[in-house]
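Please read the structure below before turning to the comments.
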């Protein structure tokens, strides 16, 4: 069986365009990055959603952000049980090996994973309750926040749920001993953001008030 | 405790710069994306490494690629055991809900996760063997490939190991029933790539020869 | 004799304000920078002029740019004669020890050093011809460009002279063997910029045409 | 030969962001500065190190500080021999043409230039002794202070050496007749500072005790 296929033409053409322009103009920096290794200042935990580009929003270049992307930008609780935990592994590498100064959790509007979780919790998506549903089980991380949502119309509830996914992840981050230690000793700070894709606005979590405020 | 802190000034300034330029110039597209939802044509599974920007390499815009990033761009085997599997959840969402046409696994040179796995397998990093090592347990996915590495100098072995992480992930992708079905029915193709960061070259896995060839 | 005096109050107050705000919010990054050392991607050679802030223009944070500032952003020719050459020392450190990927020469409008050089060359400032004039002798670096200035009104000539200081510095950069080698092997690129302070515009030197063009 | 290359994309984007926000909001002030020339109140002599931003620490805006930056914030002795002396030229321009009221020498922790000088003096870096070493010859300015360092562990000695670079520069400042005259007639004061990058602390040289004290 041919497990892998050649890259589609349009991507091949674009790659050659990038190689002849952006790469050619910045090859010195690429070579330095290859030789010297990466020294990113921040880890970003963002959603896989194709509409969220953290590097654009922050004018970041190659080498600045160590980026983990998963469904709904979730961080599970620390569970060192010998199983495979991709998010925990990325976090451990960023904090203990790369020694980043910031971990930024970036949520966003219109998150399909969060909507799926709401459907599941409200009984509208029983298929997500199946043990075999990877999306359902992953969104279990966010599930405890469902009962805290405001009694309001669906768009308001979804927006609150998206922000809750950021806050829940921030609290779960602190369950990792290496995160808590770095935060306590002042070499790491955590940041919670939520991006409205259509409006281009960015809000950040304010620990004191528990609200999100426009940046 | 102040769990989250305000965003660093320089990122706030850069964000406002993006909002006033890139966002302002493309707000119509952002609003369309927000209203119509995402319709990405491909899922990319890439490393968290700060030096790998798949959107740059392929000139991708907001909305084109659904991107999952983890340590060493690994896909575990399908294991529907009710536990939290972030990579599997992202894959399930991309293939069954978003119905992407391509899944692209993108490896790269100088991968710290792959090097860590080589250290672990060769006995040079016993701390990665601990049950509590998230990086070690995550890299167990790649472990079986260690015995197939060529007897050669370390750089050659590491490069081969990085490419093996791509091939191993391609094979693991096929253990997911929804991936195998979509591939079999011709609505999904898989692609394996490896990027040399310093040289800017891109190689793709050729199923027939089992080798990687320059794109 | 009291050689040094206490810092003026207004600076003490501002410092305490910075410490309580910007430093406090970014202390994690400062601590990481202190522990891990600097890894700047670019060296900037800029004028001492108080109106030119390269970090503002490029949204740069602590750790990004290694910055040398002197009168008229000049680079002398390589002259390894055992004397003290501050600009050459900064350049050597940036390229050979820090291994920056870019050296950016940034000129600007209304440069007092360039105007002084024009006055000197046109006979209007004989005091700058004195051997004891540090400004005069420093501006000798630019002097050879005087004869190439267009026959035009003074503002046009001064603007051309300012840009010539950038181009002259670019050529002088290549007289340093370690610069030429790094450029030849593709790990360093040189860039020439000129900033109009009042208009906020930025122009870059185009090697092929020999002109400056708006960025 | 293409001596200069186009500016990297990410810097172009950031520049346009700055132009559309910071510049746009302050264009009146920029235009005033362009028309009226600069009238800085202080000259700062700081290190090129990417981690030291004197404008941040003192909340300085465009037009406030005339800034010279070189390796290890050193001022050589006055030597009007007709050669090119960049630091002396900057100093002459600031004091005699701009008539600044303060000259501030700002040292910092973790200075690579100072460490290199210590290595050179202790015999650990013979390559810095070469006549062709620009860094070595530049650091000769600090060399006489080596014998005065305390017999202590290396970190303590380096910190003392960093502060000695500030004091040595203050004394060298007074070898310039135009500085000594301005100081004597009360129109110029000198200030010596040392910044701990990680802790964000600032210490100033106290002439009476010969020590540095927290600001």
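In order of appearance the chains are A, B, C and D, and numbering begins at 1 in each one.
Here is the rule we use: a residue touches a chain if its C-beta (ideal position, glycine included) is under 8 Å from a C-beta of that chain, and two chains touch if they have at least 3 such contacts.
In this text the structure is predicted, and so the values were computed from the model without any measurement.
Participant: Chain by chain, through touching neighbours only, how many steps does the shortest route from subunit A to subunit C take?
Facilitator: Step count on the best path from subunit A to subunit C: 1.
Participant: Round to the nearest whole Å and give the separation of the Cα centres of subunit B and subunit D.
Facilitator: Centres of subunit B and subunit D (C-alpha means) sit 45 Å apart.
Participant: Report the inter-centroid distance (CA atoms only) between subunit A and subunit B in whole Å.
Facilitator: 14
Participant: Please compute the C-alpha centroid of subunit A, do the same for subunit D, then give the distance between them in whole Å.
Facilitator: That gives a centre separation of 41 Å.
Participant: Residues of subunit C that contact two or more other chains, please.
Facilitator: Subunit C, residues with two or more chain partners: 22, 25-27, 29, 31, 33, 35, 59, 61, 63, 102, 189.
Participant: Hey, how would you classify the chain contact layout here, line, ring, star, complete or other?
Facilitator: Per interface graph, the chains form a complete graph.
Participant: Touching residues of subunit B toward subunit D in the complex: what are they?
Facilitator: Of all residues in subunit B, those touching subunit D are 13-14, 16-18, 20-22, 24.
Participant: Give the list of subunit C residues in touch with subunit B in this complex.
Facilitator: That would be residues 22, 25-26, 29, 59-61 of subunit C.
Participant: Please give the residue numbers of subunit B that touch subunit C in the complex, ascending.
Facilitator: Residues of subunit B touching subunit C: 5-6, 8-10, 13-14, 17.
Participant: Using the touch definition up top, name the residues of subunit C that touch subunit A in the complex.
Facilitator: Subunit C reaches subunit A through residues 25-29, 31-33, 35-36, 39, 41, 59, 61, 63, 99-102, 182, 186-189.
Participant: If we count contacts the way the header does, which residues on subunit B are in touch with subunit A in the complex?
Facilitator: 1-8, 11-12, 14-19, 22-24, 27, 30-31, 33-35, 37-38, 40, 43, 48-53, 55-60, 62-71, 74, 76, 80-94, 97-98, 102, 104, 109-110, 112-113, 131-135, 137-141, 170-171, 174, 189-193, 196-202, 204-208, 215
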